[in-house]
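Heads up, the next two complexes both have chain A, just with different partners, chain B and then chain C.
Moving on, here comes the complex of A and B:
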């Protein structure tokens, strides 16, 4: 073949490879703009109200920041624990040939997720203790499955031909895992983590039932004392946090996805 | 990273241009499969030989080939490369010295072309500079401009370009043995022919021992030094040079595999100069001539095209050296038909 033929083929492709496409698209900014808008409206509305003493005790910046911090703390620590526990377990599961073992582990994880979170958290509080650690544990149990399942699926979906050529080139099983399977599974695993994080933000509201704080305090107090501004502020904040976390996780997914895929 | 590899592997690796492969009474039975996929298969591939496995789908070509690098472990029998029993070697070490191209190519999508090619050299602990040089060299060898292609991802290449990278990757550590499972299977006929021609040229300079699986008999004729025609359970029906198989198929199975037009296929293997050329005066001249580097198939093509009785054969300097006619082409075929009875019994 001649050099010219190579030249011909090259023209149909861009010289600067950019598999990832454009990173900053208009869509990227929808979420933060929306969140800012909603929070602005909330603030306007609250400032137009005459707050009574009960409302003033909760609707002040220190209180809100503390609750938010508790909420985020629970969410992030729980998700980090899930990542640290569920990803290795998923890898181990993908290595076993036994369908039975896999079925049992996935089954148990499924029970954790299918059981209503309120049930899990209250049950744990009864048999164990109330407080932060219990709430954390309940969150981990509840959001374990998406990461576990996605790790497993992520590894299994790697093209058999890619796996075989890795083996055929003389990689050991560990090298295949480290250099081929895991990098290619990253997007799927991250998607599982993202789901898990968003789950956690929502479910962390029930930590209030066992005195573990969080924005659930505002929602439950607002309901109990019939102070709707408090209730609504709590609910809107939780929703905004969930949206923002999902947004950040989405960006992370795009940045960490292996190039070329 | 490899610890100290066995000396046997080092010795295999040192021999970069062709090793002898011996398969001895090799059998593979898959679990819960009533019949063996490969049964009692014995064959010797000489150093530098390009051996083609041809046979219908499911006859066991792939299974036979994959036992050589132990992707599939034989049930019984022995396999050796340059006298060393592969079953006693560390399989990972072994595979780093056997080039491997699979039908689905299997490039790593998350690595650039350069990184794909660098995999085995890295496993072998080559230096960065040596790897970089090798990548450039190999991409140039397979006619891909390193500057254009080294940093692309597989997705940004056409199918034919990916096939080439697959071959380059298998050649990366200069292995003495290459296993290729329908490496040009996924390409259109034109690209395929081009890849075949390139591959032949490459093999001329490298002289690896190659096991090449295909179900395309024409590809086998075109590329192979020897062809093994396989039937069910990887039974060898005939193992010989393309010319001999075409001239005298061992049995009806082989004959039916060759299909129609065996004579024409044979002509592609014979240079014009093998014919007894007639005097230049036999040809009526004209602009269409046959070059002395052409095959008889090319000569026949031109004869049919022009409708002339004879054409002038010219040498590189385009000086007439003789003439060729259909009769003279037939004479060549007649001369090396070893067993005319088999030939005659075919439709």
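Moving on, here comes the complex of A and C:
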């Protein structure tokens, strides 16, 4: 019952893939143009303000670059770990005939989806420690499940008759997996990875609560010190990063999709 | 670093039960209000744009952008204008709910077979009553699925809104963080998190029932 809703959730993050052959459509450039425009407006607005000493301490290039680097670092390391861990596990799990194992995995995945990220990250900080490693752990745990689930579902949705014809052509089970099932599952797996990337940008923002840096620092400082320019700069930068990462992932999705699917 | 003690947790719950109940009610209220607003706005937008290709893709792309923005950033952007508390929380939750609701409305309205709509027109219905009396009932289960996805999203996001003084169980999670190292830190955070998870699962189950009883009788499987 939860499967339906979360299934749609995964889809809701990935948009319609572009038609092959028309790779550079006008739509392709909407996101970067929007991001540049927003950043330009932000810069203009900031340069028109008279910043006080507190604001100047955070609204300078060095500080912003460092926070952005922390943010991207967390996001990318976590997503890479998830890809390396969750995809092979999903493939291994799809090999088992046992319905119980799959049921448990999908059930856990659904409960995990319902768990608030902020709860996961703060619970981990309480039982373990605060800081970068904990934040990384939380990010991995949180985005592990969508990728695992999409890998399983992607492999499962391959048509039984396709598998049979591959076997009929004399392919071994491993060849069927490698040459038929996996290529057909790639779009679904990539959609899962894209979702997890966007999740990671969001969760990395709340990593600031447990002292793990990132652009969330700017939002929280801006809020606590009542310095709205700092708050807004942080929020706009995070939003732009999320949009750009989603955009890049979308392009990767189109490029990596095997031909013919 | 706090050890976990189940009897302590039970004691914690029994002591603070009214408090916890209040937070649960708040959490449900803020999600319900947001979903209702999002449903009216989202289904309305969907009905306006479903057969106009350009506005349709613009609306869906804009809602997609809103969903991509991390929740803390979205809340932060709303604070200078709307202050703290319920208002920015409800606005943020509505923004996140729009994509699933608008998209599912559009998909649902478009999936109605043209033959069905033609027969309705043939019976003398105008375009508006076809939309309201034929397409909307047929699309309803799909629209509700969108609302259900939105509910799952917003229940989780509402937890973060506690940071900007929003209502709900999130405040216990943050209280756990701020009392880090004390006896009840884990109890606070665990209660908040578990509450949100259970709430999300219950609401999801509730939607199965709602879908069943609000779907037009002729369409029920």
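Keep in mind that, in the parts below, the second predicted complex is superposed on the first by the 242 of 261 C-alpha atoms of A that agree within 3 Å, B and C clash if a C-alpha of one lies under 4 Å from a C-alpha of the other, contacts with A are read in each partner's own complex, and residues count from 1 in each chain.
By our rule, a residue touches a chain if its C-beta (ideal position, glycine included) is under 8 Å from a C-beta of that chain, and two chains touch if they have at least 3 such contacts.
A quick note: this is a predicted structure, and the numbers were derived from the prediction, not measured.
Colleague: More residues of chain A are touched by which partner: chain B or chain C?
Modeller: Greater contact footprint in residues on chain A: C.
Colleague: Could you list which residues of chain A make contact with chain B in one structure and with chain C in the other?
Modeller: Common to the two interfaces on chain A: residues 1, 5-6, 9, 12-13, 15.
Colleague: Could you list, by residue number, the parts of chain B that touch chain A in their complex?
Modeller: Answer in residue numbers: 69, 71, 92-97, 100, 102-112, 119-120, 123, 143-145, 148, 151-158, 161, 169, 194, 197-198.
Colleague: Give every residue of chain C touching chain A within the complex, in rising order.
Modeller: Against chain A, the touching part of chain C is residues 1-2, 4, 57, 61, 64-65, 67-74, 76-77, 79-80, 99-100, 103-104, 145-146, 148-149, 152-153, 155-157, 159-160, 163-164, 170, 173-174, 176-177, 180, 185-186, 189-190, 192-193, 196-197, 200-201, 204-205, 207-208.
Colleague: Would you mind writing out the residues of chain A in touch with chain C in their complex?
Modeller: 1-2, 4-6, 8-9, 12-13, 15, 27, 30, 34, 111, 113-120, 122-123, 125-130, 198, 201-202, 205-206, 209-210, 216, 219, 222-223, 228, 231-232, 234-236, 238-239, 242-243, 246
Colleague: Show me the residue ranges of chain A that touch chain B in the complex, using the header's touch definition.
Modeller: Per the stated touch rule, the residues are 1, 3, 5-7, 9-10, 12-13, 15, 17, 19, 159, 161-162, 164-172, 175, 179-180, 183-184, 258-261.
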